[in-house]
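Chain nomenclature is as follows: A, B, C and D, assigned in order of appearance, with residue numbering initiated at 1 for each chain independently.
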């Protein structure tokens, strides 16, 4: 079995979990920001998820497509969803967004208000569900890995994660609660309360362990 | 002649410049933020524009519709343009947006990056022009009326106004350059270099003179 | 026993815990922001602390002076400490600052960087300790009373509180850990995870219960 | 004649305009941020001012000392003025501050409110004048060199410059109005309306021409 990786346009990468698909292969688009953009590169969580599916003998049943662009916030996803998601006719869309919506408030003054975050998120789901696409939501993992909630943006990340959990519940969407997953992992593995280096390289973007952990959770969500 | 004002839903107001329309009455939607929301209320610039058209004997030729919602930024317009603009089948759409894109950077950390402002603006125009709707653009007028460019956000307002001027030029759209209009008016009428009270009540929202000045410019743009 | 309250200048209030002081009455200045400014008004925590001391029969042993000014950050305290604290020849200074240093980052873009917060805080302590004044530090209590760390600024508040705890430890200062106190109280009494109304009126400023809780903690710190 | 440059502590550089001083050599401290920190390095405006004085045959009459630290805002100057300025017994202090007070609002959320900027600035001048030190004020030059006031922070820079001009007038201080100087130079030499490259390398920090222009203005102010 081999992976075919075709670079389509800047920032996009198509990863096929097998060179030939049966008619039943489900097309999965991972829709997100720079974390997902990196996820489609070698060692990234999408690649690792493909490997994880292959180990389970499911290589031919899923086609994994990365659609992440650095700096994206929820409204950027909404703007480009026709071209980058719907045009690909996916069966499943995994939405992982929120870090920049919170982070850019502080770094550029251009984050997203909570009420508008929710509004755009719902608008995306509505369009996807209208096409009978299964939608899986993820909470933003971390901006800083400290476990005592002393990372500067923990308050807002917790707030926006709760918004996403509520959206998932209301729309009957599966949830990959990465914020919860990352906190639990750090509580066990980050005794020194470090800002980064456990699951991230730089407080936000995934290191190898982070990519593996996310990949495992994505596989769980896909095959359940 | 009388004006018929029907309140449809909160924040929206339909103003008809005459009780009966000939088939040639052009439907104009004013698409914007709180300034435009107020513009559709008694004394507002849309009402005054209707009066201005009536004085010119053009009452029956235009139907003016307000579609402003407080706090809107360019991406909010994009999100609601199907329901609030396209659903009304307008002949002309006047877009007046930008104050909150700049202002909210400072007040809430949720303004709009310049590159994304341009991207969403272009996406709106593209959708409108695809339906053969004439698009008229406006520059954001003021956040503070001082004439020596010492209003805190003048730099960004000038920058975003220039972005809009460039978009207008590239897309062959008419431009109502309210930023230029307001500066010229203040240079003549604001010798004390006051922050507000000349054309605005509160540095941003229009007072009676401001509404009249904007109405005059809108009429000019419509009938030219 | 009666309380003498003399208003000296706007924002300052001198509260004497008894009308006559023996030579051993310790003069205590509460040095802070709007929370402390309100604390010196009827029903405020400084008044309540005076009452608490009186109940313990210690009315004559402490003179409590409010020196809080709304909007103050750590560097504002440093700027006015000569006039508002040292000039009063206090035996004890209770410093309660930090809410605006965090909050104003988000609301005005004029908060205080963590490293400078620490630098100014240390400079204040150094000047006070050089005059043999006992210094008691307080952590900022809350900006929002939710107990799941989903208040927007919880991350930074936790971070700045930890900075203050470290400063207290390094300088052998007593600590009134109000952030810890408030969280513990809310975990017991805020089952609905409300933003305000438990110990604060508006997420930040103390209601009656909040003033009482702080007063109790201040009395504990003074008499220990 | 030679220049003696002694590095004293990180960020500080002492520049003597001549190897031997007569008793009448005036000691001048340049008190500021990263621009002034760089100004004391080879090619910097303080070095160039020393050269300019030498060309006028005034090398022995001035001792120029750099006291700039990167990232400083007005309150940082206040905090360190005892050690870094008063301890040097200067005859003249040139204060050049303000860029970070404005800039950090946007980049970190830790700028300085206008009223507090004025308060700290006045406190510095008061302490210097109490020691009969002559104080020369400078306005912040630029954050971006565009001449049409479309640099993002032009509004606030103009506002804070006006505050400084008013402080100079009220306290009978000489003023080096670098904001005016830079604008005039750019109006003549920046026909393409570029953001940087005329007097700055990066919109803020001086290139060779910028250092020369500032040096010339400093010499003018010192010898007048």
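Observations, loosely collected:
In the analysis below, a contact is a pair of C-beta atoms (placed from the backbone, for glycine too) under 8 Å apart; a residue touches a chain by one contact, two chains touch by 3 or more.
Bear in mind that the values here come from a model prediction, so they are computed numbers and not experimental data.
Of all chains, the one whose mean C-alpha position sits at the greatest distance from that of chain D is A.
When chain B is fitted to chain D on its Cα atoms, the angle of the rotation, on a 0 to 180 scale and to the nearest 5, is 180 degrees. Look at the contact of chain A with chain B and you find the same residues on each copy: over half of the numbers used there are shared. Spacing of chain B relative to chain D, judged by their CA centroids, is 43 angstrom.
Chain centres here are Cα averages; for chain B and chain C they lie 48 Å apart.
Our note on geometry: chain A versus chain B, Cα centroid distance of 38 Å, whole angstroms.
The set of chain A residues that touch two or more partner chains comprises 105-106, 108-109. Interface residues of chain D, counted against chain C in their complex, comprise 75-76, 78-79, 104-106, 108-113, 116, 119-120, 123.
Within the complex, the chain C residues that touch chain A are 105-106, 109, 144, 148-159, 162.
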